[in-house]
Amino acid sequence: MAERNEAPVLEVRGIVKVFGGVTALDGVSMSLLPGRVHCLAGENGSGKSTLIKIISGVDTPDAGEILIDGEAMSGMTPARALRAGIQVIYQDFSLFPNLTVAENIVLPAAIASRKKLFNRARSRPGAQRIVDELGLTLDLDADVEKLSVADRQLTAICRALVQDARILFMDEPTTALTHSEVARLFGLVRKLQERGVAIVFVSHKLDEVLEVSHDITVLRSGQLVASGDAREYSVQSLTVAMTGRDVDTTRLVNDLGKRGAPLLEVSRLDLPGAFTDISFDLAPGEILGITGLLGSGRGEIVEALFGLLKPESGTVTVNGAALRPGSIRSSISAGIGYVPEDRLTQGLFLEKSIADNIIAGSLDSHARGKVVLSQKRIAETISTLFTRLRIKAPSVAAPVRSLSGGNAQRVVLAKWLATKPKILILNGPTVGVDVGSKNEILTILRDAAREGMGVIMISDDVPELVSICNRVLIVRRGSLVAEFDSEQIEAQRIQEVMAA
Amino acid sequence: MPIRTHQSAAGQVNSRIDNTVRTWISHIHVDRGIGRMLVLLVIAFALFAVLNPRVFMNPLNLQNIMVSAPEVGILAIAMTLAMLTGGIDLSLVSIANLTAITISTMYTGLVGSDPALAESLGGVIVLVGIAVGVLAGLINAFLISTVGITPILATLATMQIFNGIAIVWTGGKTLYGAPQALSAVGKSTVAGVPVLFLLFLVVAIVIGLLVNRTPFGRKTQLQGANPTAARFSGIRSASVLYGTYLTTGLLGGLAGVLFVTRNPTASADYGTSYVLLVIVIAVLGGTNPMGGFATVTGVVLATLVLQVVQSGFNAIRLSSYEYSIAQGVILIGVMVFDQLRFRRRTRYVASTQTRNIASMSNVGEDADETPDTAGADSVETK
Amino acid sequence: MTLAQRMKTLAPRLVGANNEGVLAIIIVVLIIVMSLLSPSFFTVHTLFSIVRSALVPSILAIAVLLVIISGGIDVSFAAIAIFAAYTTVHLAQQGQFDPGIIGILLFACAIGAVLGFVNGAVIARFRLPTLIVTLATQGIFRGILLVYIGSRYIAQLPDSMAGLSTANLIAIDSSRSYLPLLVVPVAVIVLIVAWMLRRTMFGRGIYAIGGDTEAARRAGFPVVRFQIILYMMVGAIAAIGGLIHVILNRNANPQDIVGTELDVIAAVVLGGASIFGGRGSVLGTVLGVVLVQLINNSLLLMGVPTAWQRAAVGLLLVVGVGIQALSARRASRRTFVLDTVEA
């Protein structure tokens, strides 16, 4: 194994990057040593991906420098980064959907070596070799767009490893892999590391990170908040560093009073491949948490409630009336609102104004006779919600793109509150949101629930669930495996059941 | 005026927000199209008025501009609607010609047997013509929404089909004859303003209201801005697309009526240059071809700008080819200007933001204080 | 292996990556049907006349194909084609000198490349939508040609070109069937472009850019440079198409070609190229052009008024693209379910 005092192969100093209205990186420094695995940790939106893009030459930093082997690189481009031996496995894979697996694997290497010609047949053995070396089964002649997500991820990994990488970035490389594939990947990581490759591992699965890493750098809201030897960290202390607060398990839960008729009843919902036999109910004013590992099917369950997915069997009723399966309109008119996980593409109209976004879901109810919009009613709705949710923006006419994560999420919330929903489903409501906004969003939810709205909240953040939920359900491999009642909710136990 | 959230009492904030909302409501989308086109219109008008006042400022010439603008303008408004959803409608001119041919054929057929009846049925004939346009729009909507063909290909194909039908129908010849009442309308004026021009303004106002003041119009804008988020907000793309392409068919039909109103003739290849011209007008008027943003006022002004430039070029004896050069140069110039301004603006915003963070002030405060909107807001809210 | 299984593995290969196989089958069926219906169809004369009429559309379609693969769309190629060809003829005429066919070719290509550079520079540098930019440059190029270069019809070509007009590769005088010599350069260009798309990094780069521009950038492709070179190449190829058009017509008319843009684009799309970029092949494009010419020719023989040609091509486009759209919709539904299983 490499010595600790060896010269860093890559060093970044004081990197600053600003996008539109948001500072993605604010003076971040990091150095990578050959033969060591470096963990880059941080919540969504903390700037990890931006840092990777800057180092690989895709984005240009507004300030700061990148040194390779102690030499400052100015004007980094993707091609130069590749030639310097920097390889990146992107979170979105960055593959060419219209080309074959073999071509996807070998093309970047061909560019880096400044080839002018390309021979598909002759490049195939190179691709085959890396696939064999990793012990994978991939159809080299299939178009990437026809592959499953897992196979795409494997293709991206092969592509990075087919070249002689000196520095390898892996941005969430394990999200779509099975246990045995992850184990094989880690074996490979160790092999590369023995060869002296510096590896940067980005993952939100903290136990996984701690298993392979030597060094750790933690980012929060674009700032470097901690760095050091991985052995000095535990899952707990890493979480604290990432979120910037102690694991807060103070519970502040609305009292439900006597249980009346349920607002929502889910009965034996089934979608093969996604979830099986899901039954639960929700009382008016109740906040129900649903959690589970990524890929456990928790997201698919709520997507089925909102009509995005069509379950094969089972029923969902709101106040006793059954929903039409797979119909968003039916869910919305029954009074269900959904704050999606990916708010930038699914929740918001980024270029549109805050005002337009707020009334996007309730246009029909703001019209007289469904034909002409009532400007007065719209103005009332917007100004009420703008104030109530304390959205910080120069004016309601500002485009949503200019808002920070917390404010953008409030706009999504406002859009649904404007529809006066009976049930609000939130998928990861505080992901990528700063701590202050996070607490305010939780308060807004508590207030809305107190007025009788039912809330279903999906979250990875167990402490958050503990602090707000009346009940928590745990999903594992598509089934509900545990239910914690108000008295039983406790962070430690929930985490244990989730991971089991 | 930016809202200083932390310094103001709740009541103050409230009233200020009310003001901001009202400002926003009172002039929805004072965007790039309108101001810019107004400036261009004034410049173009002044330029030609100076270069050749005798011909250009002649009342007859001005009236000519107002008579020729409506058919192009209505097609451009239709194109704007299609672009608002992120689509395009290449079949508009073919639809207009089909309508014109329908009207002319029905009229001449009736005139042969009973001239008086043909005249008295003029209104019905026009309605049938417009119905043909709507039917064509329905076909487009079916292909785009139900079958799922990209708008540019679907309308490319229907353009060929509609045009092909028109060629077969007319045998490639020009048809003569249209209800005389139409021609009379085409020649009439109110206070010196041609009725056709007034009709154009009415159409523009109606579509403007449709886009901005109805749930349908707002949904169209949102669908164009982000189809995924629209779906997640419960907006049905089918109703938006059917509504849009039925309306563009209707407007295409209306343009066809104007064709025969201006000249009692109809042919399959009338206005072939309009196909691309109306795209140019729509984009100049501030329509984002990727969808989500458009102003009907901007498009009306852009129509006038191009008509003034065309007529001005005539007045100073420049050819229609020089006019097409000017068209292209204006279009590229405006787009490049927009792009450069956009880049500068993002840089500007970026630097304010850094200062904010650095001084630990509240995030998002001055986030998008772009020179133009900030100016407009501060004037209005005082 | 049973026959059914064998058919299953064989079928995708026959269909081809861009449905070239389907297109070929349609063409064959059409030929058989037409031969049965009309005895005068299955003749060398018909074959040659179809080939002759497909020459210019093929070249222009190849140019458009390159742009469409890269994820753009070009409506200025027709203006470039006639600009380059007419200007070359005009200058040779005025200068009273004939640089020879090679000189003429190089000169026309240079003009085409310069005009293409204008397109490429504006598109790549400012990242503007290709349709709108080429719409603008189309007007500009055409305007400049007609205003500053010439709007007169030129009946007399330079000798080196006029010689080619009547040169035949195969001439069967008995049936008055002639295959023009210009088939050779067209075939050469088609083969060169096909080779370039398959075997050069530039060609694969165009596919990569059309598939995912951001991924291409990350993989190290010089996207801006490639786009500019691409549009210059498209300009040069269009210029050759313009020259061939002029030679075949034995005159230079500055009003020609412009107006056929959408027909050419329709043929390319029929040939299996995806309007969203990243997909398309030279073979498919040529088949698409041939199919359109074949239909035109068949309608003529069947006594259907030529007026129906446009509508027929439009209908064909609706059917072709409609089937693609419907099957894409089904495919996306399938992968969705698969993904949730994998997750």
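Letters A, B and C name the chains as they come in the text, with residue numbers starting at 1 for each one.
Everything below uses one rule, namely that a contact is a pair of C-beta atoms (placed from the backbone, for glycine too) under 8 Å apart; a residue touches a chain by one contact, two chains touch by 3 or more.
Predicted model, so just to flag it, every value in this text is computed and none were measured.
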item: Between the pairs A-B and A-C, the one where more C-beta pairs touch; value: A-B
item: Furthest chain, CA centroid comparison against subunit B; value: A
item: Geometric centre distance via CA averages, subunit C-subunit B, whole Å; value: 32
item: Separation of mean Cα positions, subunit B and subunit A [Å, integer]; value: 40
item: Interchain centroid distance [CA atoms averaged], subunit A/subunit C, Å; value: 44
item: Where subunit A touches two or more other chains, by residue; value: none
item: Subunit B to subunit C touching residues, read off their complex; value: 88, 90, 143, 147-150, 152-154, 156-165, 167-168, 171-172, 272, 276, 279-280, 283, 289-290, 319, 321-329, 331-332, 335-336, 339-340
item: Interface residues, subunit C side, partner subunit A - complex; value: 198-205, 207-208, 210-212, 214-222, 274, 278-279, 335, 337-343
item: Subunit B - residues contacting subunit A, complex; value: 1-3, 5, 10, 13-14, 17-18, 20-25, 213-215, 218-219, 221-222, 225-226, 228-236, 292-293, 346, 349-351, 353-354, 357, 362-369, 373-374, 377
item: List of subunit A residues in touch with subunit C within their complex; value: 56, 58, 77-79, 81-82, 88, 90, 94-99, 103, 107-108, 110-112, 115-120, 146, 148-150, 176, 271-274, 294-295, 297, 300, 309
item: List of subunit C residues in touch with subunit B within their complex; value: 73, 75, 122, 126-129, 131-133, 135-140, 142-144, 146-147, 151, 259, 262-263, 265-266, 269, 275-276, 305, 307-315, 317-318, 321-322, 325-326, 328-329
